[in-house]
Structures are given as structure tokens and as C-alpha cells.
Amino acid sequence: MTDNGLMFPNVDSLVEQILDGAKVVIPATRSGVAMEATRALVRRRVKNLHLVATPAAGLQADLLIGAGCVATVESAGITLDEYGQAPAFGRAVTTGQIKVMDTTCPAILAALQAGEKGIPFIPLRGLIGSDLVRFRDDYKVIDNPFAEDDPVVLLPAIVPDVALYHAPLADHHGNVWIGKQMELKVISHAARETIVTVEEFYDGNLLDDDRMAAGTVPALYVSGIALAENGAWPLGLPGAYDVDADHMTAYAASARTSDGFTQYLADHVHTVRAAAE
Amino acid sequence: MTDNGLMFPNVDSLVEQILDGAKVVIPATRSGVAMEATRALVRRRVKNLHLVATPAAGLQADLLIGAGCVATVESAGITLDEYGQAPAFGRAVTTGQIKVMDTTCPAILAALQAGEKGIPFIPLRGLIGSDLVRFRDDYKVIDNPFAEDDPVVLLPAIVPDVALYHAPLADHHGNVWIGKQMELKVISHAARETIVTVEEFYDGNLLDDDRMAAGTVPALYVSGIALAENGAWPLGLPGAYDVDADHMTAYAASARTSDGFTQYLADHVHTVRAAAE
Amino acid sequence: MEYSTEELLICVIARMLEGTRHIAVGTASPIPGSAALLVRALSKGTTRVSVLNSTHHQFWTDGAMELFDCAGQGRIDAFFLGGGQIDGQANINLVGVGDYPQQKVRWSGSFGSAYLYFVVPKVILFREEHTPRVMVPKVDFVSAPGVSEANVYRPGGPHALVSSRCVFAFDKDRQRFRLKTVHPGHTVDEVIENTGFEFDVPATVPDTPVPEPDRLALIRGSVAHEVADPYPEFAKRVFGVTLTQEKSA
Amino acid sequence: MEYSTEELLICVIARMLEGTRHIAVGTASPIPGSAALLVRALSKGTTRVSVLNSTHHQFWTDGAMELFDCAGQGRIDAFFLGGGQIDGQANINLVGVGDYPQQKVRWSGSFGSAYLYFVVPKVILFREEHTPRVMVPKVDFVSAPGVSEANVYRPGGPHALVSSRCVFAFDKDRQRFRLKTVHPGHTVDEVIENTGFEFDVPATVPDTPVPEPDRLALIRGSVAHEVADPYPEFAKRVFGVTLTQEKSA
């Protein structure tokens, strides 16, 4: 193991890398959400984040929005899935507290792939005639130069400042194993920095075994790693553990009101740090 | 194991799926080249193939071109690497026997990714001012609609009829393991049909193990599989075996003349079938 | 044979999907998901079903991009969409009620609708609640339009709208719904009364066929167990089936 | 201390690359590859080197796309290109001699040049053969142009041209080469005579510095062993090093 500067002693020091106003790209609910890091960001009172969901988000976005950390959300959907609508998100939209850049899943994914490729924009079929295009000044409809009378939407590339996610494994070289959640590869490539929490460390080099390498994000893209056992809790981590359904049900009930949300933060976000201190 | 119609008893019956005139996308020399299937195609005297290299090719293209199977080659390079220039390719170009659609590696890869995404075209930086753009009527330079005075090249999507490659493993469900050769995933997605030879079969389902799934092309994309031990010979297969350097040196020497090339076919392509009959 | 409303709806949707090569099912669609799995069971394996978030009924290895890329390649033949609001031109609204962006009620968002509605040949709109607040004259926000100008690339689009009261077929030429069948126990007048948009009503509107006993048996047997993987709450509530904990290696 | 031409060239290129964050090396570049590995050894690990086709010196897990995507992201700071022909505007030709397409001599093709030359900040042109047939007034085919119009997106471009006779620096403003140093044993007149294109010659042209002994030791030690993985023939010929067969698991 070399001292490559990538290893952080804890999640709180790791999230110091994410600055106020950063454009932060986050995975979908079932892809490995860095919830422990999210709680650390709330404790740090990060401000004015621009969240980009890959391509949708849930509890993570709802917590950050409710805690006042978010200025803008770019997403195809924010939902607690079977636990209902995302209550803090709903409140923030209806009160105008945040700006929402509504879009459709493949648009956000294609725009991130454009960021990955270093191309300025990417076309996508569909969308034409939807209000998503009408309200997105940054989407353009052009005539396909390769055909006659064929309108097509162009999406500008998304280049986030930071990708933040939770993965099953990292090795001491800074390589991160994401399995088949290939959209995490895309966001790691597209973002300038990639900040990761992991369940555990892997002995050896993930790149030395082709079976592991196929699902690995090389250290080249990684700016910081910290250990966070159960780091996606109360969400699940594919292949490792399931969502904590009771906790999600309780969150959905608490967060229905502003007071309930504040109480949830006190009980599950702020107190943890107090206990650790 | 279900009778899913994907399993072919041998390579000769497998390559019957590739019709004269097909647009066939092939991998680069070190990514898993279906050489045994290529010899079967030469024996079958397939005609007028349009080869698309991902993004360059070598012995496979040279053999098919020399044997008169190819009308068009779309590639960033055809080379025998350390064994020298591709002699049959060179002859075919200087005599005008084949049409070459010259391009640069990332252009062919991006155009295949456009095929994968079902988008009609994709932009790419670079290229402007090169003769690649001048001689490719199908490439267009437009003004980036998202910036002022910013010319950018647009490449039309490539949707091959067939992807043909050799992989380390397939399971009996028709899933194919490609490891980290992710461009094989791209061509399997982009092409209408995917035809694969494999070193060996894997017991169980490759999709059931997340470590394997990350490097697996699902059966959804696969049209036919046949076993071909040493199927990339004389080229290498990543993680399995190296290139047969002596054979490559001998090929490069033989193929320097048309007669030598014909003799090579007789010795190493046609006789094999005679021996098997 | 007795049947539940869910079982009726599963059979209705399954009938529309027989012979389909590849059906994809979204995250919040247990009834369409069950219908797709029923069709697969009936097809003896020739129909492929990809249930998002299922451990066992999906074939994706390329992350969140793959469903959409796969649809763009023309490899997905049927999909389901819903809507907080649906109007008579088959426009759907998944975003919210009131003037955008600062709406009175905000829902989760448009998800894949604005793409899949264009590229999947057979999109079935499914919404159990059939009331004037859902079936509206004009949606407040068009997440995905039901119809497009002739020059817009659109191999896909709406095929039918299935609710707890009836089945509408979508007529692409007339750009309107036509009442096709009314579920047993419901009436044409009731449908008209509960629908905010205008639609065509033929002289006779047959009843929706009731579930065939052999299909009910399949639904309650293998389908119920298969659907418990992606939709455990649904399987428990409707079929009384609980999946024993079974993890992939 | 005695040294070979290869060792001189390795040191020349290494001097241009010190402090570079990430150097990528193509498939047919053993001398630049050795230079990059020398820089890495000198950097105590802060320089990253990605050698294509190497088992041990590359970090790619996203297939053939990754090098180019990575360069497009601005994560690759230096790369090497060659050319069957190179002209005085730093245009390179990897395609062939004569009128395209039915050329008299056909080479392999342009590979990544038409992209990487635009997006990698420091591109070093390397071609050992320094004769009028390589260093031409105007290339027959522009695989990748040395210079672009002001409005063309081009964070990258040519930094220098290294041959077996000399080092040229490229002057972006004047769009020409300037003779920077001449290798020991060679002369300015010889360079002029063997160069088909015009270039600037300063009043005094120093000799190319000879390899430093500590660097020679590194080259013959760890670098020779590391370079034997991607370039076994080269390592055997130049350093007499053969890699013992060592396969990754």
C-alpha cells in the first residue's frame, strides 16, 4: 500500500472535499447511495448544492433538500418508491425553495455520458412535445443534419464537480469495485472528482483479477475513500443488504411535516455525531 | 439448460448466420478475435463484407481482405503490429480492390456507442482539418449550438448487422463473459445480431454472480454461440493465451506476395476443413 | 371462479401482450409486472420479461443506461406507463398539479416516460384510479405527449389505457381514446361520468372478459411467487405469498 | 559513460515530461514508453503512466473507449505520435504515400491521432528515421493537423519533434519548428540536408545533453524490466532483458 493520499480516516473528513455550491452527482436509490456521507454533509451544513440524480434519487436528495443544503435538483424523479412521495422535496418545490431541472431518465444518463466522453452535447430521441423540453432552456431542438425534416433534441453535457456514492469494496490502491452498476463508472468518469465510501477494503489489487476489474473504477478517477460499514443505511446495497423498511416507513411518516423532519434530523443525523464526540 | 436456439454445434454452422454483404463489426487484435470463425468464413467464401473495426484490426481483416471476402473496411488502422504492415490490406488498397473508410479510433467507438444508444449521430472533438473529414462524406461539421463560433464534427451512428468475436466463456443460457473488454459490450448492443465463439462453457448462470455479471453480455443480445477452443489462434486472448509469434512472423512473410498468401490459405485455412471431413 | 380486481386487470393486460418478444416493466408496476410474467409463462419461454429491480427477472449488466439503450435499439416491444393525470390525447403528467414550476402538488417526476413513450411500440397506460381528477381534459404538465407531429421520430406510442373501471383503446389516427370494454360490475355511464376527457363510445361496448380459470391458476401459482421478488408487498397483499429469503451468491 | 542512441532518446523525451501528472503511451512506442516509465521512477510515483497493451502499466477497465474518453476529460497530459510523413507545420501522415485513396504505398491508418493531437496538451512527435522521405515539405495525407484555426477547440497539440538526429521545438505562434538541439555526433547542416521542410535555426544550436549516469542506471535497471512487459522485443534487443513468464491470475 502506497500513501496515495486517497484514504480518509472517516466520513466526516471525507466529505470536507465537497464544497458549498458543488455540482454533485448521486446514484439512484438501489445503486449504492452514500447515506452515511450524506448525514455527514448535513451535519457540516453544506449549502447550495446542485444535485444531479443518476437518473433519479430518493431519501438522500430528500434529506439534503429538507436540511437546506440544496439549491438545484436535476433529476428524472425524486421518490421514496414504495414508501411514498419524497415529502421534503415536495415542500421545497411548492414553496419555491429549490430550483428543479426536470428531465427524463435517459436524458440525464446521456448527458453524463457526454460528460464522460468530453463531447459538448449529445442528441436523444423522444422528448419533443413534452413540457420537459419547453421548460429546459438548455435543451435545444435541431434538424438532424443526416436526414430530411427530422427534429431531434440536443442535451448539453453534464460535468459534475463531484460524484458521491457508496460501493461494496475498494482496494488500498484506490480502485473501487462497483459490480455491474455501470452508471457509477459513467459518473466517476464524467465528474472532476469522485468521493466514495465503501463497506470494506479488498486485499490486493482489484485490477489484477479480470473478474473484478470489469466492475472496477480505477484509482485514476478517485479523489477520496473512507470506510463506512452499512454506509448506505437505511437504503440497501446491491448484493450486500436490503433496505431497512421499518426505518423508511418511519422516515416517510416523520418527514410529512417540517417539524417531523426536524425531529428526524435531530434523532438520526445530528445525534449520531454528538454520540461519537 | 433450455433449448434457446443459441447453441451451434460447430463454427462452420455458426458463421452461416453471417450473410454476404453484411456489415460485420470486429474487435481489435488483443480484445478477442474470432479467428477460427474467420477461417470458416473464408472457407464459406463469404462476399462483400463491410468490416467495421473496433477501432482497428489486424490479421482477421487482412485474411478476409486477401481472400476476397471484403468490399469495404471502416477502420482507424489495419496492422499486424510488431509483425509489420498488413500486406493483403496494403495490396487491396493500392489496387483499388476495396473501399477504405479511414477514420480515427474514438470516432469509430463513438459512432458505435451512438448505435448502442439508438441516437442518429454523435459529436466528437478533434478531427477538424484532417483529411479524414475531407474524405468522409458521411461526417459533417456543424456549429456547436451551445456555443459561439465553435465548429464540431458530427458522426453518423454505426448499426452493424453482426458483431463477431471470441470470448473466454459463455453459459448455457446464452450469456457471454467478456471480462473488461467493454467495447465488446458496446458492439453487442449496437449490432442487430451478435455471433460469438467461446473457449469454454461456464456451468450455471453468469448473471447470478455480480462479479461475473459486470463483464457479461446478456443473452438478450446474442444470436449464436459455438465452442472454439483456441478460437483466437494465432492471436491471443486476454487472460488466456498469448499470440503465436512464430505463426504471425510466418504469416507476415508469406502474405508479402499474392502467391504466398494463397499458399497460406491452402495450408492454414482450407486444409483444416479437408482434414476434418 | 371468483377473482379479485387485480386478477382481472392482470388478465386484461396479459391479453394485450400475448406473442410479445420482450416486455419491460418499471419499478412501481406490480399488476403489469404480473401480467408480463403471466404472458411469459403462457409463451413457454419465448417471451422475455425484464422487471426493473428484480433479482431474477432482469438481464441488465450495463447499469441504468441499459433499459433505455435497449429500447432505443428497438429491442423492447412493450412497456407500461401511468400518470397522476392522463388526458384524452394520451398525454401523461407525472410531475404535479398546478402551474409549473411552483406547483400546488408536486409528484416525483417524469422518469423514463418522455423517452420510452416514443420508442417502445406498445405502451400500455395503466392507472387503477379512474376519477375526474386523474382522467382530465388536459394535463397540467406534459411529461410525455400521447401523439406527435408526423415528422417526429416515433416508432412507439400509446396502445391502450387500462383502469379499474374499463379498457380504452387508443386510436392513433383520431388521436383519441375509444371505450373498448367495461369491467364486470361497471357501466358505460359510470365511465363517462368519471372521465374528464372526451372519448369515442361505440354503439355496443362489451364487458371485459373475466379471467380464464387456467390463467387464474397460473397467476396464483408461479406468477405470484415470481412477482414476490420485485413486489413483495403486493404479492403478500394480493396473493398471500411471502418469498423465503433467498440471496444470490 | 557510454550510452546507446535509444538511451539518449529516452533521456531527451524524459526531460520534456518531468512533472507530468499522467502520460499515456501507444502500442508501438517503446522509446517513449521507456521515457515515461523513467519519469515515473524519478517522480517517486506521482506521475501516472498508462502503457497500452501492458498488463501492469495500465489502469483501464472500460475497454477501448477509455483512453480517448480519459483524454477528452482532460486527464491525460502527454502522449506520443509518429508519422510516416511529418511536415513543417507538424501535420502527420499515418495513412500512405501518393494520392488518396488509391495510394502508391498504404500504411496502417491514423489510429487515435486525429483526436489525441487535439485534446492532449503535450504531444511529442517521435520518429527515429530522419530523412527527406519522412520529414517532407507537405504530407500527402493529413491524418492529424499540427495547427488549427483559432475557433477550433484545441487544448492540445505538438510540443516537440524528436528524431535520431535532433530535437525540434514547435512554435505555435509561428506554426513552425525551431531546431532546439542536435544530438552528439550530428550537425546542423546534416539536419538541414535531411529535412524536407523549412524550420527556424537559431544562431547557436546546442548539443543534446547526454544521458545522466543516474538516469542510465534507472533505465537499465527498473525501467528495462518494466518496459519488457509491453515491449518484449525491444527490451531484449536494447537492454538484453527478458521478462520471465509471469501471468496475472
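By letter and in written order, the chains are A, B, C and D; residue numbering begins at 1 in each of them.
We take it that a contact is a pair of C-beta atoms (placed from the backbone, for glycine too) under 8 Å apart; a residue touches a chain by one contact, two chains touch by 3 or more.
Only a predicted model underlies this, so the values are computations on that prediction, with no experimental measurement involved.
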item: Farthest chain (mean CA position) relative to chain A; value: D
item: Where chain A and chain C are represented by their mean Cα positions, the distance between them in whole Å; value: 29
item: Approximate Å spacing (C-alpha centroids) for the pair chain A, chain B; value: 36
item: Centre-to-centre distance between chain D and chain C (centres being mean Cα positions), rounded to whole Å; value: 58
item: Per-residue multi-chain contacts in chain C, two or more chains; value: 60-62, 65-66, 68-69, 72, 119, 248
item: Touching two or more other chains - residues of chain A; value: 113, 117-119, 124-125, 150, 152, 180, 182, 185, 210, 213-215, 239
item: Which chain pairs touch, all of them; value: A-B, A-C, A-D, B-C, B-D
item: Touching residues on chain A, where the partner in the complex is chain B; value: 110, 113, 117-125, 138, 140, 142, 144-147, 150, 152, 154, 156, 178-180, 182, 210-215, 238-239
item: Residue numbers on chain B that touch chain C, as the complex places them; value: 2, 4, 116-119, 185, 189-190, 207-210, 213-221
item: Touch list for chain C against partner chain A, complex; value: 27-28, 53, 60-66, 68-69, 72, 94-96, 100-119, 141-145, 148-149, 151-153, 233, 248
item: Complex contact set, residues of chain D against chain A; value: 22, 45, 48, 59-62, 65-66, 68-75, 119, 248-249
item: List of chain B residues in touch with chain D within their complex; value: 28, 30-31, 54-56, 75-79, 81-82, 85-86, 89-90, 93-96, 99-100, 102-107, 109, 113, 124-132, 134-135, 149-152, 180-186, 239
